[in-house]
Amino acid sequence: MTLAVLVLLPFVGAALPLLAERLHASRTVLALSAALMPALALVLLIAPAGQVFDGQTVHASLPWVPSLGLALSFRLDGLALLFALLVLGIGLLVILYARYYLSAKEKAGRFFAFLLLFMGAMLGVVTSDNLLLLVLFWELTSLSSFLLIGFWSHQSAARKGARMALAVTGMGGLALLAGVLLIGQIVGSYSLGDALASGDLIRASELYPLILGLVLLGVFTKSAQFPFHFWLPHAMAAPTPVSAYLHSATMVKAGVFLLARFYPMLAGTNLWFDVVTLAGMATLLWGAAVALFQHDLKGLLAYSTISHLGLITLLFGLNSELAAVAAVFHIINHATFKASLFMAAGIIDHETGTRDMRRINGLWKYMPYTAVLAMVASAAMAGVPLLNGFLSKEMFFAETLESSRLGAMSWVLPLGATLGGVFSVAYSARFIHDVFFNGEPVNLPKFPPHEPPRYMKVPVEILVALCVAVGVLPSITVSGLLAVAAAATLGGELPDYHLSIWHGFNLPLIMSVVALVGGVLVYSARNWLFRQYARLPEINASLIFERRIQGLAGGAAALSNFLRNGSLQSYAAWLLTLVALVLLVYLSPAVLDGQRALLPLDGVSLLAGVMLVVAALITAILHRHRMTAIMSMSVVGLVVSLAFVRLSAPDLALTQLSVEIVTLLLLMLAMYFLPVRTRMESAWPRILRDLLLSVIIGGGVGVMAFAMMTSDFQSISGYFLDNAKPGGGGTNVVNVILVDFRGFDTFGEITVLGIAAMGIYALLRDLDLLSAPSDSLGRPWAREVHPMVLVTISRPLLPLALLISVYIFLRGHNLPGGGFIAGLITSVALLLQYVASGVAWVHRRMPGDYHPVVAVGLLLAGVTGLASWFFGHPFLTSTFDYLHWPLVGKFEVASALLFDTGVFLTVVGATLLMLANLGKLSLLDDKAKEGA
Amino acid sequence: MRKLLPFPLLSLFLWLTWLLLNGFSWGHGLLGLVLAVVLPLGTRPFWPNVPHLRNFPKLVRFVLVVHWDILTANLAVARLILGAPRKLRPAFVELPLELEDDFAITLLASTISLTPGTVSADVSEDRRTLLIHALDMDDEAELVAQIKQRYERPLKEIFEC
Amino acid sequence: MDTLVEFLVSAAILVGGVFALVGSFGLARLPDFYLRLHGPTKASTLGVGGTIFASLLFFSWQEQSLRLQELLIVLFLFITAPVSAHMLAKAAMHRQLRRREDTRGRPWKQ
Amino acid sequence: MEAMVAVMIAVLVGTGVYLVLRARTFPVILGITLLSYGVNLFVFISGRLALDQPPIVGAGPSTDPLPQALVLTAIVIGFAMTAFLVVLALRGQGETGTDHVDGKRDDGGEA
Amino acid sequence: MLEIALPIGFGLIVVALVLNLYRLLRGPTLPDRALALDTMYINAIALIVLYGIANNSKLYFEAGMLIALIGFVSTVAVAKYMTRGDIIE
Amino acid sequence: MEHLIIAPILIPAFAGMLLLLEVRERQPLRRFTGMLSVLALLPVAWTLFQQAAGGEIQVYRLGDWAAPFGIVLVLDKLSALMVLLCTVLAVPALLYACRADDKRGANFHALFQLQLMGINGAFLTGDLFNLFVFFEVLLIASYGLALHGRGPARVRAGIHYVVLNLIGSALFLVALGLVYGTTGTLNMADFAVKVNQLDGGALELARVAGLLMWVVFGLKAALFPLYFWLPATYANATAGVAALFAIMTKVGVYAVARVYGLAFEQGALAGLGRDALWIMALLTLLLASIGVLGARRLGEMVAYMVVMSVGTLMAGLAWSSPESFGAMLYYLIHTTLVSGGLFLLADLVARGRGKLGDQLVAGPAPTGRAGLGLLFFVGAVAVIGLPPLSGFMGKVALLQTVPAPLYWLFLLGGGLLALVGLSRAGSTLFWRATGDGARRRLDRPRLLATVLLLAAAPALAIWAEPVLEATVAVAAQWAQPQLYIDAVLGGGA
């Protein structure tokens, strides 16, 4: 369990510096607060580390999401221990270093928090014993490094570098996730142990190439392998402590860590060899060559890092156990010398104010102590004997000589390795010579440079001391750790190897010598080389990437906007095309197999049908002559109402008729503000397309209608006919369905009406609309506002219409009618008052806000429904009884009537809320005109 | 009583309408009565000036006359329409009004419109003149006189005295 | 008696139909708007009136009791139809619709 | 009769579809209305056609009452929606100064 | 007798409706179209009443009454629109 | 307590009606009423969820009429989950809106409540026509809410939204006509039974009915090629509304799941339209992630993420194994809450940047840059599907249960595009600031609402197991339509 706590510590620790910053703690306290948890973790690591050195693997596991196979499982074996030490150890050094590196202005608390987040993520990656958990931490390293690289977010380079790193490593992470999921599918578990034990199974699977590809995509992006290396140099926009940490020892090492981790699972095949070796070799050479030409100190280090990562990758690719050992060894060595170099570079940057090696010269004079440290580290990087880099490089040279996979071409590997060594020496030489010697500084922003603060050098000193110690006394210092780490990597027994400075005169030694001499020669030819390099077209990966991304985003925007072109016509066409496709594909003549006898067609119906067809077509054709279109559409409405009469639906006929009238009022109200006529806008192709859609959809629906009407079916309607009277207390079955059997639909329906009215009210409020000052013929409007005849007739019509409403309402339960129709009649009668006498006149006589009417209507319907609860029945259960009164006789009292009253009120309130407010628009309009 | 039944004629009218709709029964008689009282009361604000019926028998007579005229005029106009339209002698005629009450004027205008052959096209803003369009007018004075005699005068007697 | 009633009903139906048709025929045929305006009066008076009379007779006969419900349709129509005509006439005058040249008198400006 | 009703439905739906594909709010409103007519009739005929069989208990054979109730609901909802659309069109006219469904002004600009 | 009169009556009224539609489509002016629509509504009453007789059913009476009572409101609205533009002011 | 099932519909319904009564526009009273209603819904929804978790499917017969004749509400695990999710989303959304957005137009609170009524009704009803009615309730309320506030962009988007949905409603009616015309019933369970007894032409018509329903639900859910209305509508809606709308697309997803699971999972029309849904969902996923990358406003970007999530969900649904459905539901919960939170966040950012709003161009830093930046980071990580937040869990769950390479490619590739897009957006908004924006403090309640929703991301990750167990249980019940059918029709039928 210590292990889980250990991984958790940095995450917890991330809060401390933030807290400290809140409390305005000094920078030292900030750094200490940041260092606390890692230090604690390091201490906690001692005990399990002992077990690891005893050859055990320490496990800890907490369940998290068992159904996904995700558990908080951790393992500490040699490999994990090695990396944990690097992560924590170098992490602590970086914290110390950053204490001095960050200026007082900077939000150090946030910086340390990000750093600790990263540390925790990295620790998680290396100790995960669960593949999904590993991916989880893996992506966390990408995310936290994004924050770290972009820490100086005011700099464009930092932002771009951060985004690029995130995009590239994020992509790799997604690929890795896919790979891991596939591994999980094959293995049947996401436990790392199970997976490592299932190497043969995985390699035998036909998914193996895919898995390998996906995992390697993750590895290569993270470890900046060719061709995914380009993000790393731009990540140098990060503060130097970040580079020292992420780009030497940790983040980029995550990739090669994974190669080591998955080595028993995935390595050993020719595919592995070909892909990994090739990528490693390419990266090694490319990075080494380009590094020489960097004028930016950190740029040089970045490319050198790429190159060294290539070296490690290449080693893992060789499918040789010894090579793997060498790889692990080089991971350690590279971490130490590269971290110290980055720190040294940071010190130089800090003291001179620039990282441009063309300006930084002869610093030996100003900061000799730093120079010594940097020179030792550089020498280690170059592979100079007695330093750690030499040892692993020697092993590397030896291993390239061992491989025979390439057959006759096997010489390519050592040749490439040597060439890489040459350039490695050359850029290391440049780092030493160009910075500390090579004449006098040129125009430094800060002059003269000094040695940095004492404690800022401590981390460098420690690391350089390690370089030397390992280089001189490998068997004492590093062999134990290397052994357990390598053993864990190989998943078992170690091969026979020897860590010593002197292996005798052999081919690797010659290669080393060639590299050293060649490197010095290359460096001495630098001026010529730089000139040649300068002639090459400059490739700024950041710029290219940024342009690509911008192009991608632009393309994405273009594609999105092409589809989502802001045109309703095109959206509707998509929708209707989909419908047309459904109809075209699935409507076969088979649907017309009905056997139902047809009804006779009489002449009256035929003529009415023809009228409807003509009127509908005219509406469509003449839609630009808007009033004509409205008139002909009213004919359609009338014929539809008549059709309902003919087809045994008196309720529908009444409803349709009254709705027609209100709709026409509505349209007339709107026409005041809309153009009366418009010019033709659609081009013929568009019209033809729309006609095609109309014909297909109209035809399709017609065919389906015919198919339905001509086939028999079984329905539930018999129940309604049987139960309307005994169960619902009414003989008008449609009404009983509406207020009883399906009263809930009606409840929803009047709610819709009420909401529509509210929405309309909201839409109309503060709407500024200009109405036409004259009619469509250009004449001024008529003078007379309220024609006397209309006014006079409208008044007695009101009580009369109310009487009819009551009549229609009361009979609704048994005969055609009901609350809805009654409500519309009442509304029309009231609206007639508005039309005849005007808004002001009406509102002097009754309250003009219809919100409460809608509310009371809805509430009445709702409360009627609720009342049934008190009788132990579900919502909307109706009840009815027959009363006998003297004189009056027997009559029915039904709760449905109360519900229907709610419907009535809602309809009245809603229609008036809609239309009366629409009418009021012109009042505002008039005021606006007067004001103007 | 006045307060309860501000418009007795309207109430009667509503009550009869109710009974026509529902058929006669004690229940509906009662319910109709309630409605006939309540609805005019409820809509009272919408009635700023109330025409008073003075002479009920004359009203009945007037209604019968109008119906008879509708019947006969229909026949006459049908002949005109089915005949040669070129023979029609259309005209706009201004009818000076003696009626003063809006309701009575409206009734006159409606009557004129209902009888085929004439349509009331407009009432002047000062309520002094009624514009009539005639389908086929022989003589303007005769038409005006006929309208005045058959419709306007009875209306004046029915409502205004 | 039955035959007589049936005859009356049939006659009323025909009268109603004929006048409805004549009115609409006039609407379709007459040369200017003001003349056409006269057409619907027939539809709304004798046209509907005839059918209503038929219905009234028919159902009273069917049920062997006086049934005057249908009268309401005529009544309402008599109240409302002149208003339509009046308003349309005003609209026509406002739009200064062309009238037959031999029309005597002139419409009013609106 | 069935064929004629089917043709009516087809024409209503077809013209409705054509009109909703126009560029101005007004024809779209007309289109939605026509479409509603057609669709309501379609739902209506799902209970099959019957002549003079109104669904009143005690008045002889009865047609299927359920689709009628559904259509009644659909008519009301359709009315509410149409009204909203009409007012929305006005709001569009007020805010964008045009009745184009995409708010495109006649001069090519956008409000 | 009735079985002869009714079809004739239906025929007459439907022809009337067709003539109305003709006027509505033909125009030429907006008042003409409005007038035609108004007439159609009135003829529809006759049609509905006849249908009631033909089917010996009183269930359709209300439809006719509805048109007679409030059908004219649409015509009034259109006419008001033509004269004033604004139908509720 | 048998009536509790209908409470999620009635509470907001009555609240909405009471709000309508309040004509004097006393905003505090309105806010109080609205908040009271959503807060009352919370325990109700939770209790219902617990009840449903017991495994028994509860049926509420409205008007005391037996199915299939009357309308029934059905509380199974799926509907209970959806109601709970809606409620959980509604509380912060309303809280946010209560900070002055609700004053930008009339009737906001009533519309909001009735919107909830519609959504909950759609989740609970067991009747197809009643589903149509509740669709209309939620749509008309959403029209009102989408147009709440003013401005031409909002109206333009509103017109598109409204017209397309009106066409959709017409299509739904055609489908319902076919449903009734072939099976003679409207009850979902009864339909499921009867559709399998069809043959010949009726079966063909029922097939078309099903496909038309897919089109309609696809429009609600915003599937390709029916999603074009969504980005503008959502991006232009006021923040609280946009946040609530995060569940609207899920109503479409739910409807497909419900009808498909009952009627088309097996039997004569088994797998109806599955391939088409699959292809459309994948295209949606792809195009929406492209949309995320190309978005010019943060709100638009989040809206595209909503569309992406629909593609993700529908594709998962097209596989429709109980396992994939369980994973899909987890993802649904995650995406609803997180995108809701991101809509709120987009508004917070826009408010803090003054005129620029949420446009993705360099400008003054939003007020409370660090805090908002952190929230954005959390939301973005979650919504992209990066670890360790809920999106990662959801994606892993989906990837594990949907073994289709194409899906993996689109899901992961879409995630990458979203990653690029969101990192650009975040970098522009929070890093590339040219000076500070308004110096006002962040509004605490607004911030709280945003945090509440975005807290779902870590919470759903930490408690991924119990949530997944719950969703898998929901899926297991869903995969046995006979349970539903028996509960509704009383076993024997």
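When the chains are written out, they are named A, B, C, D, E and F in that same order, and each has its own residue count from 1.
Convention: a contact is a pair of C-beta atoms (placed from the backbone, for glycine too) under 8 Å apart; a residue touches a chain by one contact, two chains touch by 3 or more.
Keep in mind the model is a prediction, meaning the values are calculated, not measured.
Asker: To reach chain F from chain B by way of touching chains, what is the minimum number of steps?
Answerer: Counted as steps through touching chains, the separation is 2.
Asker: What chains do chain C and chain E have as common neighbours?
Answerer: A
Asker: Using the touch rule from the top, work out which pair, B-C or A-B, shares more C-beta pairs.
Answerer: Most C-beta pairs in contact, of the two: B-C.
Asker: For chain F, which other chain has the most distant CA centre?
Answerer: B
Asker: Measuring centre to centre, with centres taken as mean CA positions, what chain is farthest from chain C?
Answerer: Chain centre farthest from chain C's centre: A.
Asker: Quick check for you: compute each chain's CA centroid and the global CA centroid, then name the chain with the smallest gap between them.
Answerer: F
Asker: At what distance in angstrom does the C-alpha mean of chain D lie from that of chain B?
Answerer: Chain B and chain D have C-alpha centres separated by 40 Å.
Asker: Between chain D and chain F, tell me the centre distance in angstrom, where each centre is the average of that chain's C-alpha atoms.
Answerer: Here the centre of chain F sits 28 Å away from the centre of chain D.
Asker: Using mean C-alpha positions as chain centres, tell me how far chain D is from chain E in Å, no decimals.
Answerer: Between these chains, centre-to-centre, one finds 21 Å.
Asker: As a quick test, compute the distance in whole Å between the mean CA positions of chain A and chain F.
Answerer: Here chain A and chain F have centroids separated by 17 Å.
Asker: Would you please write down the residue numbers of chain D that are in contact with two or more other chains?
Answerer: In chain D, 16, 20, 25, 28, 39-40, 42, 45-47, 52, 54, 56, 59, 66, 70, 73, 77, 80-81, 84, 88-89, 91, 101-102 touch at least two other chains.
Asker: Among the residues of chain F, which are close enough to touch at least two other chains?
Answerer: 129, 133, 136, 140, 143, 147, 150, 156, 159-160, 163, 167, 174, 177-178, 180-181, 186
Asker: Could you list the positions in chain A whose residues touch two or more of the other chains?
Answerer: 566, 568, 572, 576, 646, 650, 701, 704, 708, 713, 715-717, 720, 741-742, 745, 749, 752, 755-756, 759, 763, 775, 782-784, 787, 789-790, 793, 796-797, 800, 804, 815-816, 918
Asker: With touch defined as at the top, which chains are paired up in contact here?
Answerer: A-B, A-C, A-D, A-E, A-F, B-C, C-E, D-E, D-F
Asker: Would you tell me which residues of chain A are touching chain B in their complex?
Answerer: Touching chain B: residues 783-784, 787-789, 791-793, 795-796, 798-800, 802-804, 806-807, 833, 844-846, 885, 887-889, 891 of chain A.
Asker: Where on chain E does chain A make contact in their complex?
Answerer: Chain E reaches chain A through residues 10-11, 14-15, 17-18, 21, 24-25, 27, 30, 33-34, 36-37, 40-41, 44, 47-48, 51, 59-60, 62-63, 65-67, 69-71, 73-74, 76-78, 80-89.
Asker: Over in the complex, which chain E residues touch chain D? Could you list them?
Answerer: 55, 57, 59
Asker: Applying the document's contact rule, which stretches of chain C touch chain A when the two form their complex?
Answerer: 76, 79-80, 82-83, 86-87, 90, 94-96, 110
Asker: Write out the stretch or stretches of chain D touching chain F in their complex.
Answerer: Listed in rising order, the residues are 16, 20, 25, 28, 32, 35-36, 39-40, 42-43, 45-47, 66-67, 70, 73-74, 77, 80-81, 84-85, 88-89, 91-92, 95-96, 101-103, 110-111.
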